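Order of writing sets the chain letters: A, B, C, D, E and F. Residues in each chain are counted from 1.
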Amino acid sequence: MRFDFTKQRVLAVVAHPDDAEMLCAGTLARAREDGAAIGICVLCQGDKGQTEPVTENLAEVRQAEMATSAGVLGAELLVAGFADGELADMPETRGVLVEIIRQFRPTLMLAHASTDYHADHRAASALAESTSWFCASSGHITSSPSLDQPPALWWMDTVNMSDFSPHFFVDVSEYVELKRQMLRCHQSQLARGADANFSPLEELLLRQCTARGDQAGVKAAEAFRTHRAWKRTGAW
Amino acid sequence: MRFDFTKQRVLAVVAHPDDAEMLCAGTLARAREDGAAIGICVLCQGDKGQTEPVTENLAEVRQAEMATSAGVLGAELLVAGFADGELADMPETRGVLVEIIRQFRPTLMLAHASTDYHADHRAASALAESTSWFCASSGHITSSPSLDQPPALWWMDTVNMSDFSPHFFVDVSEYVELKRQMLRCHQSQLARGADANFSPLEELLLRQCTARGDQAGVKAAEAFRTHRAWKRTGAW
Amino acid sequence: MRFDFTKQRVLAVVAHPDDAEMLCAGTLARAREDGAAIGICVLCQGDKGQTEPVTENLAEVRQAEMATSAGVLGAELLVAGFADGELADMPETRGVLVEIIRQFRPTLMLAHASTDYHADHRAASALAESTSWFCASSGHITSSPSLDQPPALWWMDTVNMSDFSPHFFVDVSEYVELKRQMLRCHQSQLARGADANFSPLEELLLRQCTARGDQAGVKAAEAFRTHRAWKRTGAW
Amino acid sequence: MRFDFTKQRVLAVVAHPDDAEMLCAGTLARAREDGAAIGICVLCQGDKGQTEPVTENLAEVRQAEMATSAGVLGAELLVAGFADGELADMPETRGVLVEIIRQFRPTLMLAHASTDYHADHRAASALAESTSWFCASSGHITSSPSLDQPPALWWMDTVNMSDFSPHFFVDVSEYVELKRQMLRCHQSQLARGADANFSPLEELLLRQCTARGDQAGVKAAEAFRTHRAWKRTGAW
Amino acid sequence: MRFDFTKQRVLAVVAHPDDAEMLCAGTLARAREDGAAIGICVLCQGDKGQTEPVTENLAEVRQAEMATSAGVLGAELLVAGFADGELADMPETRGVLVEIIRQFRPTLMLAHASTDYHADHRAASALAESTSWFCASSGHITSSPSLDQPPALWWMDTVNMSDFSPHFFVDVSEYVELKRQMLRCHQSQLARGADANFSPLEELLLRQCTARGDQAGVKAAEAFRTHRAWKRTGAW
Amino acid sequence: MRFDFTKQRVLAVVAHPDDAEMLCAGTLARAREDGAAIGICVLCQGDKGQTEPVTENLAEVRQAEMATSAGVLGAELLVAGFADGELADMPETRGVLVEIIRQFRPTLMLAHASTDYHADHRAASALAESTSWFCASSGHITSSPSLDQPPALWWMDTVNMSDFSPHFFVDVSEYVELKRQMLRCHQSQLARGADANFSPLEELLLRQCTARGDQAGVKAAEAFRTHRAWKRTGAW
């Protein structure tokens, strides 16, 4: 079996600058290969992912890093600019994301699982869910016109696969090297690998897509769950 | 088996003006038939359920529609008046709902499932849970005296039955026509059926109660889950 | 809320002679009080529930004990006579139980949960499920005619409440003493209480119905799950 | 999104002659449209699906009906010939199914959910699981050579959607009429519709694929779960 | 099997002054016995747990009560001082708890389950989760230095065991009397036992740890679930 | 936290000769280190794990391999000798395993998860469950006397971690090399790695214990679930 992403517009909505690399970059690459439009919306600035010694203008540094990484993938980058550690599914935040969604106009959104490890990831999950509906509701007014219909929504794997029971797997065997290259754009974060409290991200990334591959009979895979809710569940 | 609603006071707490029709109107009719007192508390104004062309005073129009519909059912209508798309389980909002509950004094509350499709439905679910406890806590002061004990709480089906695993079913075979009649009171919403982004609500309502009926061996049914938490779970 | 068991015919299908006492005797008493017909079908002889010193004719002793206990409750006793520790959901065994069901002709069956602690309980669970369908299938021929429609099926709590997530509770506050009296009919088993490997059954019974009562806001309760499968799920 | 079934060999393994119609015929049609090879393996003869008045040679009649229906779909029919109501996941039965699988050589198997309503469906589910492994194990010898690798395995929806939480949906909007036509080949079973104990199958079929369509945003859909086990989970 | 708490620093984070008594005091006592450092962080003042007649300075009274109770256990008491009924997982609140955690420097945190009965318990659960990560993130600055690594996190049982499926049990058979003694320090709350709406807390406490003991083969036990998320799951 | 296995007698019950290596050898090593008695009961001969070219006396070869491997670990080996692919939870098979358990007299049993990938693993799971009760039931007579009380029971991880949600993790960081050494004793199976249909087992073993380690914050871990059923759940 093979997914055909032709004519799709796929938007990954992630919390921090280096989350897409770990959880969905291979799937985005698959979609682009089929001719789909792909985008990454990063909600937080990454300003609390602090290094030692401290990087003063960390948010700026990370914005540059994520732009480079998105360039490697060939994805449009959409930056919401919220502060790390304070993300919440509230009316103002929803308004910002609804407008971003209306600009990209996705047919499919990828978002963090509600069980992921970080409070910002869980807030991003709730935000993606609420805005995937509001973006197509004309009563919710932003600068851009509302979508004709809500996008489908897939939940991404959690970091290190904890407490996530996949519905299906996307074969990303051809894109392991791409994922690694993208991750290496985030130099400020990889530097933290020396820190005792920080797993070497690259090893974690490789082990996760390989272990998911083991579960799905391919070299490497990314795992997802479908969101089952009115107008956000597709039929393939 | 048959539920006996005698002496109950049943309060449905819903997010929007036309949610009770779809998810619990038949059960309320069953309760009324047994002599129970029944009420519908609508939390939001329905002001974002916009039509094309735009209805200027939409909140007013919808208030009239829900009053007509509640009249068809013979239910008391309690209106909280919050704005669409902004409902949240917060102290101020809780205070408003606690006071409404203390006025109606239910023995049983019906509320949205935490997995329902709309952010307001999920907020209404959290609000119903928190206030079902606070309404009987004398430390939480509002105009009306606190209840002697919390009401039981049942979670209602989700719209289109997505991601809802029922605990039990209420036979509403005799009230399909009533549900349809009530829904037809919401003219502003049915008009949206022509809209490509809006399922014809009446067909959806009929298919849902019939499919639930198929699962329960009757012509039509409504599905629920019991809330299992201290003092909100009854024994029948 | 209150269940009305009027006109029901309720059949508990249990593995061993003293299982009904622990898990559903109060509910049967409630049904009888409403005028329902009630029965207990015991599948195994109880011949392995050995005492110290050994009781030679243990199966006979236990048959007498269960007859006395059923008499206390006022329930019809139906004995299948299978050997302890060997119960299985197989064609021959199904035939025996289908015939018993067709003789009693229940509208509601109560059966062990598939997660209960004992292999015979789990086999009884599977048997109850398969025969609740076959009893109404005219292609499965036994001495008695097939039912017009399958009975509803409820899963009973597990012994000591392990790994059982209730859907609903039946108030048995008035029948705690009856449950205790029935249990005391099983003298051969209570004698095992002195045995280091055997929990005093009476304390276990009282603690379970009281703890379930705590969860449901009454003095004592029995917990159940509805079976959700074609023609075995009712609407109340 | 769209599944691409090109080069697949899809084998549905069902318990009774008319199960494929209800649960997976639309998906098989989708696969055939993409050029895939499709087959239906029917495990039981359907000999207990008795009519009134009794059909003497029911198994023969039903074999003819299923051949006609498979012809309408353009699927290869593989008949295992086990007796209704006695199906079990045992060594002998496994051997028969392993040989059938090795003859068809599927890349994807569709099988009943382990929670489906009928004991034969559950046995068919267990059989499909065990044989999906054994068919590719050279230590298990049958007439045909073992597969190079096990097929992927998808669990089909349950009849009337009870107790089944879908992972994903296949769009079968174009094949509703085909499903209906295939069902109409089973004249012996449709005759049972007049029987009080038998839901009119055609209405049930239409309501189920339409309700699943409502959940997935299309006119009609079939729902599935992926089997997550070594070498039976694919990546798409 | 036996847990060895040697060298651990165990911090229970609870919503109200008397929650630790019910849900984890025995486990804390076990840890202290092994030489571990133990602490209780109480998030709310208990100011809404009102008595009849009303206690004017209820928050003060309860602070004294909890200090006495912590003294009986030999635990360090850390008081956050939030108002009852208004607890929320928000940036300001997180900052307060992060600082408390950084002062105690736990290797293991015990926190309310996300399914517990009271809105403050659920908010405390979310807060414990978010801060168990932030406390070890140097980008989140408070007065005390960040931890070298996040503590492990265990979810505590719910009050009356509703909707909680334990992962494991801690044997607290030796500490039932201690739990009772601690609870008796909360005189203001025990006085509410006469209140028709208030279960006698002491009986509830005894029944819960005894019933959990029944499930785990000991006289008394406390039940927990492990939190499975990056860096908060330990290996034993 | 640290498990203390002192005075335990730990018996792993596995389906095939090389299953313990993958799923629990590190935990057994941990137990032995604490002075516990450890054993491995292998239920099947491994006679269907055929190689190419065919090994005539495969069962004998594998018996020698597992003896060597158990020797490396320092575990007692108990061989049940059932044929591959035919294991079932039936009275005769139970009798054999009950006798083996009564000879080893475990306080803790480790057994396959009910969701594991192979029919023999699932049968082994059911067998371990049923016999963990029967071994302490004096009514079930075998050559050896019954146990005074049933052992606790833990479910092991599935092969490749599919569909297994761990309750807890055992730190086996010190025993990765031991696991690898034990696996290398199974030369007949490693030879199959060249086979396109057979994952290189050693890589799979290393990836699984490392990925579980990632989830639990250590270099390598093995994952388990507690069995929650009467007298088979311990308190630690």
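The rule is simple: a residue touches a chain if its C-beta (ideal position, glycine included) is under 8 Å from a C-beta of that chain, and two chains touch if they have at least 3 such contacts.
Since the structure is predicted, the reported quantities are computational estimates derived from the model, not experimental observations.
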| item | value |
| --- | --- |
| If a chain touches subunit D and subunit F alike, it appears here | A, C |
| Minimum number of chain-to-chain contact steps, subunit A to subunit D | 1 |
| Shared interface numbering between subunit E and subunit C [over half = same, under half = different] | same |
| Longest centre-to-centre distance from subunit C, chain (CA-based) | A |
| Rounded Å distance between subunit C and subunit D, as computed from the means of their C-alpha atoms | 35 |
| Sites on subunit B at which at least two other chains make contact | 149, 160, 162-163, 165, 215, 228, 231, 233 |
| Contact pairs between chains, per stated definition | A-B, A-D, A-E, A-F, B-C, B-D, B-E, C-D, C-E, C-F, D-F, E-F |
| Residue ranges of subunit C touching subunit E (in the complex, touch as defined) | 160-163, 165, 199, 204, 207-208, 210-211, 214-215 |
| In the complex with subunit B, residue positions of subunit A that touch it | 89-91, 94, 129-130, 133-134, 136-140, 147-150, 228-233 |
| Residues on subunit B engaged by subunit A in the complex (per definition of touch) | 47-50, 52, 84-86, 88, 115-119, 158-160, 162-163, 196-197 |
| Subunit F contact footprint on subunit E (complex, rising order) | 1-6, 8, 108, 149, 152, 165-172, 213, 215-218, 221, 225-226, 228, 231, 233-236 |
